[in-house]
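Take a look at the structure below.
For reference, chains read A, B, C, D, E and F in written order, and residue numbers begin at 1 within each chain.
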Amino acid sequence: MMDITEIEEQAALDKIKSGKRLDGRDLKKFRDIKVETGVAKKAEGSARVTFGDSKVIVGVKFGVGHPFPDTPDEGILMVNAELGPMASPNFESGPPGKEATELSRVIDRGLRESEALPLEDLCIEEGEEVWKVMVDIHILDHDGNLMDASALGAIAALMEAKIPGYEDGKVLREEKHDFKIRRTPIACTVAKVGDRYIIDPSLVEEEIVDGMVTVTWTEEELCSLQKRGNGGFKKDELIEIFELAREKSDELRKIIE
Amino acid sequence: MSKDKKLLKDGKRIDGRGIGDLREMEAEAGIFKRADGSGYFRMGGTEAVAAVFGPRELHPKHRQKPKRGILQCRYNLTPFSVEDRKRPGPSRRGKEIGKVSEGALSSTVFLEEFPTATIDVYMEVISADAGTRCVALNAASIALADAGVPMRGLISACAAGKIEDTPVLDLKGEEDKDGQVDLPIAMNVDTDEITLLQMDGMTDTEEMDEMLELAIKGCKKVAEKQREALMKTFEDSR
Amino acid sequence: MMDITEIEEQAALDKIKSGKRLDGRDLKKFRDIKVETGVAKKAEGSARVTFGDSKVIVGVKFGVGHPFPDTPDEGILMVNAELGPMASPNFESGPPGKEATELSRVIDRGLRESEALPLEDLCIEEGEEVWKVMVDIHILDHDGNLMDASALGAIAALMEAKIPGYEDGKVLREEKHDFKIRRTPIACTVAKVGDRYIIDPSLVEEEIVDGMVTVTWTEEELCSLQKRGNGGFKKDELIEIFELAREKSDELRKIIE
Amino acid sequence: MSKDKKLLKDGKRIDGRGIGDLREMEAEAGIFKRADGSGYFRMGGTEAVAAVFGPRELHPKHRQKPKRGILQCRYNLTPFSVEDRKRPGPSRRGKEIGKVSEGALSSTVFLEEFPTATIDVYMEVISADAGTRCVALNAASIALADAGVPMRGLISACAAGKIEDTPVLDLKGEEDKDGQVDLPIAMNVDTDEITLLQMDGMTDTEEMDEMLELAIKGCKKVAEKQREALMKTFEDSR
Amino acid sequence: MSKDKKLLKDGKRIDGRGIGDLREMEAEAGIFKRADGSGYFRMGGTEAVAAVFGPRELHPKHRQKPKRGILQCRYNLTPFSVEDRKRPGPSRRGKEIGKVSEGALSSTVFLEEFPTATIDVYMEVISADAGTRCVALNAASIALADAGVPMRGLISACAAGKIEDTPVLDLKGEEDKDGQVDLPIAMNVDTDEITLLQMDGMTDTEEMDEMLELAIKGCKKVAEKQREALMKTFEDSR
Amino acid sequence: MMDITEIEEQAALDKIKSGKRLDGRDLKKFRDIKVETGVAKKAEGSARVTFGDSKVIVGVKFGVGHPFPDTPDEGILMVNAELGPMASPNFESGPPGKEATELSRVIDRGLRESEALPLEDLCIEEGEEVWKVMVDIHILDHDGNLMDASALGAIAALMEAKIPGYEDGKVLREEKHDFKIRRTPIACTVAKVGDRYIIDPSLVEEEIVDGMVTVTWTEEELCSLQKRGNGGFKKDELIEIFELAREKSDELRKIIE
C-alpha cells in the first residue's frame, strides 16, 4: 500500500511525464516569485523571497574584524544558512547539517567566484582591520528549491545593502554609504526527470527527480556548478542544462533589477 | 544610564507616544504552508514570526508524559535582527526565554487532551527593537490558534517599564536601554491570568501595581489585534 | 492505577489544602536552612546551603580579563549554574539546559539589577583589564526550591569573598583584600496551590503547584521577578505575593547577616 | 592570482605533464581487516584511504527508509594532511563534500536491495595536494567493490581545470591555487553518467565542454587503475 | 622544578609530616537524599563528594550487555576547586580519570548480578590540593557501599611520589608541583589487588617497589577511615 | 547459546591457558610489526605502524603559537588521537571519547615525562612565540593493542621529523632543520590472563584479559604507567610486569633505530 506521500510523488511523476506539473505549471516555468527588500530593519540589507510556498529571508550585516592572513587587504565574505525546525517537520535544531552547509557553500561560491563583491575596497587597515560582509540566510518555509530562492535573496539583499561608517574602532550604523555589487550571480537549478528537464522543483518534485544541477550564471559567465541528489548526467545533458539555466537565470535577474 | 537624554518631554515619549500607548501593531495568521499553524506579529520596529508543529508524538519516548502532552518552545533571534550580528544558535538568554514562554503558553492549551504528545512552538525574531519576547509570544499565540490547537484563550503579551521615574507602556529600544525597569508580561485576556512575568530593575510594590495595570491594558489591545488577524484568516478560508 | 509519585503528589496536594505540608511544616515556613561559608578552600568565597534535603554549593573566583566594550571601566559579573546528574536521576551531563540557564540568569539579574557588587571599583586599567567576578553554583542534591537556596548561597559566598592582589599581570591569591557588597538581594519563591500560597516548595510540591513566582528583594526594593511553571496569576495575587516574599526574604537575610 | 608565475611553458606543466595528463596513480584494495571493504588511492601527492561498513541496520530506526537503503559518506582530512595543521573534526567544506559524495556513489549502488539498511563510507585524506575529493572517491569506490556491495559500475573521479586560460587535466596544488577554474567530476565509466559535478571559477559553456571532455578521459584512466587493484585482490584471494 | 625549594628537611615535609604519613582525613557516608548512595572524603586540602545511581536500566538499549552490568564514572572538578577558575564541563584530563576510575571500581562490584544495567558514579572535586583522583575514588567507594551495591571489598586510594629523590606518601599541592614522581593507586585492601595505577615521572623498578609499598600502607589507612564512616551511617540508621 | 564472538573469546582464553595464542604466537611475542616513515607528504614527520592487523598512522606538524604562561620559554607539545568510525564498527564520529583520550594522554605523558623532546630549544621569543609540536595519531584499523602501536608511531614520526624555518611571522616549510629527540620512550602493554602474562594483545584478547598495564620505558628509566581495564594486580605481579615490559620495549626500540 502506498501512503499519501507516495501517491503524491507518483502523481507528480506522471504529470511531468505528460509535460505538465502537479500545480499546473509548464516544465520550464517558475512558480510565483516575490522579492521584497528592506524587510529586516536592523540589517544593512535584507530580502524576503518566496518561490510559491517556499519562503526565505536573507539579512546582510557588516562588522569589522581581522583579515585572513593570505588576503590582508581584502574584506571578508561569510555566508551562513539556517535550516531550522520552523521550516519543515523534518529539520532539527542544532548546528547546520549537511543540507544547510551545502546551501550556504554553493551560494558563497557563486558570490566569491563571480567577484560580485568589491572585497578589495573593504580594507580599513591592511593586515589589521577589514569589513566583514555577513550574509545570513534563514529558511522560513520549505516547499522546495531553497537553493535558487536563497541565492536570489542573497544577491537582492546585497544589492540594497548600505555600508555603515567606521571611526575610532566604532561601527556607525546610522551612516549609510554606498556599497556597489559588480555582478549579479544567479543560481538556477535544473532537475532531470526521465528525459525531461524541469526548473524550480517543488518539495515533492525534489523527491522524485533523477538528479539536479544548480548552475550559477553572472550576466556573462558561468561561475559555479553543483550537481545535487543521487542521479547522473551525460555530458550532452549537462551542456543543455547550462544553457537552459542561463536563459532562466536571466529571467530571475530581471526580477531584482 | 546617560543623564542628559530626555526620554520624556511634556508627557510625550521620543516617538511621540503617550505613556500608556502601544507602538503600531501588525498581525497575520497562516503565513507558512509546512507548519500546522503560523503567525506574524509586529510592534513598532520589533517583528517576529512563529510556527507550530503538532500535537505530534514526542521523541525520545522516555520523555513522554502518560497523562498529558507537553508544549516546547524555541525562541531565537536571527543573526541580522540586532545591531551587531548575532552568532546563530541558542544563547543563554534565548534558552531562558524559551523556558518562560513554555510557562506562558502551556496553561492555555488543553494539554491533557494529548497524552504522550508534544506541541512545538518555534519563534524567530526578525527585527529587535525591545519587547522581543512579547512580540514573539504574540506571534506564537496566533500560530497556536491557527493550528487549531484547543485553547482556553489567547495569550497576549506586552511590556511596561519605568523611564525617568515614570511608568510607561511598551518600551522601544532607546527607552529600554536607558530605562530603569523592564516588566514584560503575558496574559490570557479572557481569564485575566498573567502567565509570563519577568522584571529587571529597582522598584517597589506600589509602582509595580501601576506598571502591571498599564501592561494589562496593553495586553488587551494586543489581543484585539491578534483576533482581527485570526478572523481575517478564518474569513479568507471560508 | 497511580504510581508512587502520583500518590505522593496527591498526598502533598491534600495536605496543603488542609493548611499543612507533607513534612509537617506550615504553609509559610521554610524547611531547616543551613548556610556554611568558607567551604571550598580554593575559592575566594564559598558557601554551602541546605534547605531541608536540597543542597547547593557556591564558589566565587576572581580573575582578570577584558572589559565589555560598553562598560570599559567596570568589572564583570558572571553567574553560572551546573545542574548535573549528581543532583537528580532526571538530570543529564552536558551544557546547561533550560532549567540551569534560568536558575543562573535569575540570580545574575538579582545581583546585577540591585547593583549589589561594586563593579565600578573593579577596573584595573580602563578598556584593558578589569576583574571578573565568577560565581559558580553547583547543585549537589535536589529536593526542590533550588532557586532560593542558590541565590542565598551566591550572596553568602560573595559576602565572605576577599579579592586577590594583582601585579605585573599576575593574580596574587595569597593577598586577600576587602570586597564589599552594597546590598543583599534575596530571592524568595512563592507558589500558589489553589487559593493558598506556600513558600520553599519541596520537589514533590514543585510538581503540583499551580505556578510560582521568584521575587528578589534587596533590603528596600524589589529588583527582579520571574514567574515560573505553567500556571497564571491575577494581578492582585501578584501584589500579595510580592509582599509575602518581602517578609520571608527578610527572614532569609537574617540567616546570613 | 600571481601574474608572474608560469604554470605552463611550451605546453608543459610545472611537473612536466602535458595538458591532458593525469599525475602518477597508485591503487590498492582490501587494505584493512575490520572494515567490510577498504581501498587506497593516490594521485601524485594526494592520497586517501576509505573504508566501507555495511549494509547494516540504520540507527536510529526512525531514519530508516522502508523501500531502500541509504548510503552515508564521511569525508575527513587528517590534521597532518595539509600545510598548517587542521583541527580534527568535520569542517564545513568536509560536510559538503560528504554530501556530494553521497550523491556521487548512491546511484551506482543497488540500494533498493537493502531496505532499512545503511552503507557507511568513511574517507580519510592522508596527504592533500589538490584533487582530494576525487582521490577520496576513487578510494571509496574501490572499498565499495571490495566490500562486495552490488554496483552498477565503478565510480571514478578526477578534476579538470583552467590555468593560464588553458583547460588542463588533474590540477596539482600550485596549479589549483593559482588556477582559474576547478572542475571536479565523478562518473560511472560504464554508463558515462557524471554523478559528481562541481565547479568554481569563471568560464562559459564552450570551455566547460572542453574541460568536461578532458575530465571524462581522465576518469576512464582512473577506472583502469581501480580495476587493476581490484583484480589483484581478487587474484590474491583465490 | 625550582632547585631552591626545600620540600624535605630532617625527614620532615613542609607541613610537618613524615615521609610515610597521610594528611588528615575526614569521611562521611549518606550525605545526599536523591542519590542511591553518596559519600564524602577529604584528605588535607583536597575534598570530593560522590553520588551513585543504580543499578538502573542502561540507555540507549543497544549499549546494554546481556550478561553483566556496566559501571560508568564521571569525574569533574568544580569551577572553583582550583587556583584559576576552571571552565565547567569535561576536560581531557577528567575524561581519562573517569575511564581509569571505571577500571578501578568495576572489578570490585558483582556486575554479573546486574545484566543490562548500569551503575553510575558521579564524582565532584570541591577543593583540589593534589591527589584529587584518589580522594574522589575514596568518596565514590563509600557511595557504592552506601548504595548497598554488592562489592568484593572497598576500594581505597592514595598516591605515593618522589620528592627530592625520596619516596614519600600522599603528596600535597606544592610537593606535587615540584616533585619528581606522582604515583596514584587504588586497591581492594581485602584482596591486595591494585585496581588503579598511574605514574608520571622518571624512576626505576626498585624505587617503584618502595613507592608502591608506601602507597599500599596508605590505602590500608584510608580503608579504615572509609569503614568508620560507613559504620557510623549504619549505626545511625538502626 | 554462545554467539560467534563468545566462541572466539573462549578459544582465545583456552589457548592462552595452554601457553599459546589463537594466531599461533607465543605468549610473550609480538605480532608482525612494520614501521614505515615519511608516509604523509605534508607532515614534517610521519609514520605508519602495523601490529598484525592493527594499523595506525601518526603525523607530526609544527606550528607557532603563544607559550603557556608558566613555561614562557618552552615549546608546546600536543598529542591528539582520533579513533574514528573507520577503524571499527563500534566507534562513532564526534569528539574524542574516553578511549581516544586515554590513548593520547598516555602517549603524551610518555613523551613529556621522559623529556624526550627538546622543548626548551623551541622558544622563538620568550613569552611571545614558541614552536608547537603537534602529534596526531589516526587509527586506521583496530585489531588490538593500539596503545603500543600508536606510541611507537609517535616516537618514530618524531625521530624523522624536521623542523621548518621561521621568519617575519611565517613558517617556511620548505626549510628543513634538524630536530633531535633525546630519548625514545616506548610503551609496552602487558596483560594478565589467569596466572599468565601476554604482550601485544589482539582485539579478541583485549576482551578476555583480567587487566593490562601499559609501561613506558626510556632506554634507562620507567617514565609512565597506566593500568587499563577492569582487573587488579598484586604488587609482586606489577614488579614482574615492569621488568617484562622493559625487555620487550627494548625489542620495539630496535625496530625504529
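Definition applied: contacts are C-beta pairs under 8 Å (C-beta built on N, C-alpha and C of every residue); 3 or more make two chains touch, one makes a residue touch a chain.
Nothing here was measured: the structure is a model prediction, and the numbers come from that model.
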For chain C, the least number of touch steps when starting out from chain A: 2
Chains touching both chain C and chain E, listed by label: none
Chain separated most widely from chain E, comparing mean CA positions: A
Farthest chain (mean CA position) relative to chain C: D
Centre-of-Cα separation between chain F and chain A, whole angstrom: 47
Chain A-chain B separation of Cα centroids, rounded to whole Å: 31
Averaged-CA centre spacing for the pair chain D and chain B, given as whole angstrom: 51
Shared interface positions of chain F, touching two or more other chains: 96
Chain contact topology (line, ring, star, complete or other): ring
Chains listed in ring sequence, where chain A comes first and chain D follows it: A, D, F, E, C, B
Of all residues in chain C, those that touch chain E in their complex: 39-43, 46, 53, 55, 57, 59-61, 63, 80, 82, 84-89, 93, 95-96, 134, 136, 138, 140-143, 171, 173
Contact set on chain B toward chain A in their complex: 31-35, 38, 45, 47, 49, 51, 53, 56, 74, 76, 78-85, 88-90, 120, 122, 124, 126-129
Interfacial residue positions of chain C with respect to chain B in the complex: 96-99, 101-102, 104-105, 109, 112-114, 211, 213, 218, 221-235, 238-239, 242-243, 246
Interface residues, chain D side, partner chain A - complex: 92-93, 95-96, 98-100, 102-103, 106-107, 183, 187-188, 191-205, 208-209, 212-213, 216
